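These are the structures, in structure tokens.
In the two complexes that follow, chain A is the common piece, with chain B as its partner first and chain C second.
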Partner chain A sequence: MSIADYWRLEAPRFRLEATKCEKCEKLYFPPKVVCPQCGNKELKKVEISGKGKLISFSRIDKPADEHTYVAPYYVGIIELEEGIRLSGSLVDLGDKEPEEGMKVEIAFRKYYPVGDEGVIYYGYKFRPLLMSLED
Partner chain B sequence: MQTGIAGYGVYAPMNRITVDEIAGVWGEDGVSKSRGLNVFEKSVPDPDEDTITISVEAARIAMKMSRLAREKIGAVYVGSESHPFAVYPSAVHVAEALGVTPHVTAADLEFACKAGTAGMQMVFGLVAGNIIDAGIAIGADTSQGRPGDPLEYTAGAGGAAFVIGKDNLVAELEGTYSFTTDTPDFWRREGAMYPSHGSRFTGAPAYFRHVINAANGLMEKLGLTINDFDRASFHQPNGAFPLKAAKILGLPLEKIEDSLAVKYIGNTYSGASIVGFARQLDLAKPGERILLVSYGSGAGSDAFSFIVTDAIEDARKHGVPVDKMISRKRYINYATYARYRGKIRMK
Partner chain C sequence: MEKIVIASASMTKFTDHYDKDIRHLASEVIASTTLPLNLSPKDIDALVIGSMASQLFTRQGNLGALIAQENYMYNASAFTVEAGEASGQAAVRAAYSLIKSGMHDYALVVGVEKVTDVLKLPKLQSIVGYVNMDSRYEVDMGLTLASMYAMMAKAHMKKFGTKREQIASVAVKNHFHGSLNPLAQYRNKLSVEKVLSSEIVASPLTLFDTCAAADGAAALLITTESKAKELTDEYVEIKASTLAHSPVRLADRENLYSIPSIKLAAEKAYEMANVTPDKIDVVEVHDSYTITEIIALEELGLFKRGEAGKATEEKQTYFNSSIPVNTSGGMKARGYPFGAAGVAQLVELYLQLLSKAGDRQVKDAELGLAQAVAGTGGTSVVHILSTV
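Now for the complex of A and B:
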């Protein structure tokens, strides 16, 4: 990932910014500039809840070099309350295994540091529900 | 119009290592270490957690509790002695994650363990001066002690964030006062991995002198006595110092005991006094007066007096209790701790 790519993806990665076509009521994440259904170019920026449930997962024992610092870890497919599906690492499991159907929410974490002197990439991962006592 | 706190949030990583486990590695007696420090375990960040991630998590909780629109936020300050970058602010990461950019001022602050309260004073000033509607001040750290150093028993990770403004207040600011001198009790040179300290020099001329003088200065300024306070939180480098400071000030120990998160998550440095203050806010009744006194080596203390409002009971439902952060945990051994904290040099 280049710094330019990282910077362009910051809003979705940092705060789950999506876009919505108000003509077809369709939500896009990652965000789109043009609605592929109706061609609408005035999509509205919206933020999605970050809460959802785990659909499936797998354990990563031998990741790419830049992720070895957190290995082993789990990656899951999450279905958010808004119906969007996305993948992300699972954190704060304690010593438990993940379970299909478990409720999760976004956590803000490091993705990886680029070498010893490069930038550090940050973004969302998912953890068991912590924030939401009410609402 | 009154200024104060509209929302607060605390975050602590879920890994814990006990003082007993650390003591065992160095051939020390864990039980007597724990008793002397009044600290039983400390939090350890996951390898993908740092001051920026902790700050974002705490600030998200504080924003949610405040129910303020993000457009109201005009300042973001992050106080820490463990900013991940020497150049590239933690505060811009937090502001972007909260979605409060670009019409916002932001900066990283550093003053050992009191950079968080320094940020609170700055936001209070901007709000009281009608320069911004509201702002966020955060104190967070993932500080390290050199292996085998006494600091290793207590250096924890965590932080607290405060949304400060004039609307939806859960606690009103009565006043603030600071006491600052040049006192070389603790330092870390640029590029050094671990801090150095003046050992026994850290007590009387450093911590106690500043904390006591700041508390007394605040009371004098506001025309209050120690008996006017229902609760207090002081900087907590361990669980013993704040109790001793309370004794010197004539504050009954039960008024400070609830603040001692340090016993369970360790010394969170820039987060320490304000995590304790947040726990007092979790437990306080409307109308209660809370004394907050930070301490940062080098050295200085910021003292504050707050009065809890009726709105706190409803607002708490929108936050996350400090005890929930303290009680979610997973124990790790020294080997895992050493790996997570980069104490094993691979090259």
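Now for the complex of A and C:
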């Protein structure tokens, strides 16, 4: 991945920035530049909560090259409060196994180091939701 | 309307061809496909290459020109079709279209992949992921294709009560078929216990639920029936060739236990061939992972949703049973050099329909179906072949 690519991905990966078509009332994550339903190019940037629940998960013992440094680790599919589903790694599990339906929230972490320049890519992962006072 | 047919077919053994380059593998199958028809490679006016990732595996692009150069096919319209793991069958579909359109007379499809120069599993997982999944929203995050199918297997087990042993029995059956195929990479038999006790790749899938690396090539000569008749008495008809998509990102799909693009491509194929699933005699499906075969059989309408695992365990998909599936040994046992494997699926149907499949011959096979998928279902291709 190039530095330019990394810069383009900053908004979705650091702020979980989605786009919304106000004509269709449809929310898109990853963000789009055109609404595929109506062709609208004036999509509004919106931040999404980053809170949701775990739909499914797997423990990766044999990772791809870039992630061998952290194996074994858990990955999963998460459904956010806004209804958006996305994939990510699970962190801060301690010695607990994840469970389907478990509440999770976004956490910013290292993805993987790139090349010889010492550049490290960061972005969202998911951790068990920390209990708030209302809970 | 004139029938479009496969007039010749061949493949190399799928294995670690450490002494052969991608050009050697391709040239071998070009010779063994054209020579029996007394055609020279120079007679071929279209050369369609199916290859998934030659740039990444061997630092070689533009395989059309390279392979034309190797075989002095300077007059052929030669290019590569890339559709991830479905590249082989997507190339078949492109070649079929060239003949069907009337623009070309003889289209040679060559599926080829040189994989074993990439020695380590992590690197291989990385390439397979970046080519077939959403690289920015799945692979960068640490997900592998195996972990995707692991979650699909769990969803299938939860939704339908499919047992882990039933999923493993796909590998057992495909290894049994491989033991009957002289060109298979693996000819050893396998037990459910062996599958379950091998190393975990992505829980709950183990090493034996997946495919090993292999090199190889496979080729088909596609032409019209009238042209084929001038060359040979042995040919099979392509009754349908279809391609469809579902979201590349697994998270964007309605559920995790189905692959909508397979169903979409299959429905179009049955309509195009004017047949129903119950008429199919022999099937080659995508079995990059054991669970992939189970889901494919259900999406193709060959079994009801949730029933393919049980049927596999009950040996209904063996070559001498009611619905023979992956009589070649599939990707699991015949071997899985990506682009070559999709073309090899049609080589197997060609052999079966012409009663040339030896020890694994399906009795009275008249109608065959082949299906391939990229990643978790971004692209699916389906072909239906028949005797003439």
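As a convention for this text, the second predicted complex is superposed on the first by the 127 of 135 C-alpha atoms of A that agree within 3 Å, B and C clash if a C-alpha of one lies under 4 Å from a C-alpha of the other, contacts with A are read in each partner's own complex, and residues count from 1 in each chain.
To be clear about the criterion, contacts are C-beta pairs under 8 Å (C-beta built on N, C-alpha and C of every residue); 3 or more make two chains touch, one makes a residue touch a chain.
As the structure is a prediction and not an experimental result, all values here were calculated from the model.
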Contacts of A:130 with chain B and chain C, given as first, second, both or neither: first
First (chain B), second (chain C), both or neither touched by A:64: second
Contacts of A:122 with chain B and chain C, given as first, second, both or neither: first
Chain C versus chain B, contacts on chain A by residue: C
Chain B versus chain C as contact partner of A:86, first or second or both or neither: second
Doubly contacted residues of chain A, that is, touched by chain B and again by chain C: 70, 111, 125
Chain A partner contacts - residues on chain B that touch it in the complex: 14, 46-50, 52-53, 56-57, 60-61, 64, 84-85, 88, 93, 96-99, 317-318, 320, 324, 328-330
Interfacial residue positions of chain A with respect to chain B in the complex: 10-11, 14-15, 17, 47, 69-70, 91-92, 94-95, 107-111, 119-120, 122, 125, 130-131, 133-135
Chain C-touching residues of chain A, taken from the complex the two chains share: 1, 5, 9, 30, 55-68, 70, 73, 75-78, 85-89, 111-112, 121, 123-125
Complex contacts: residues of chain C adjacent to chain A: 120-123, 125-126, 129, 136-144, 146-147, 150-151, 154-155, 199-205, 207, 249-252, 256
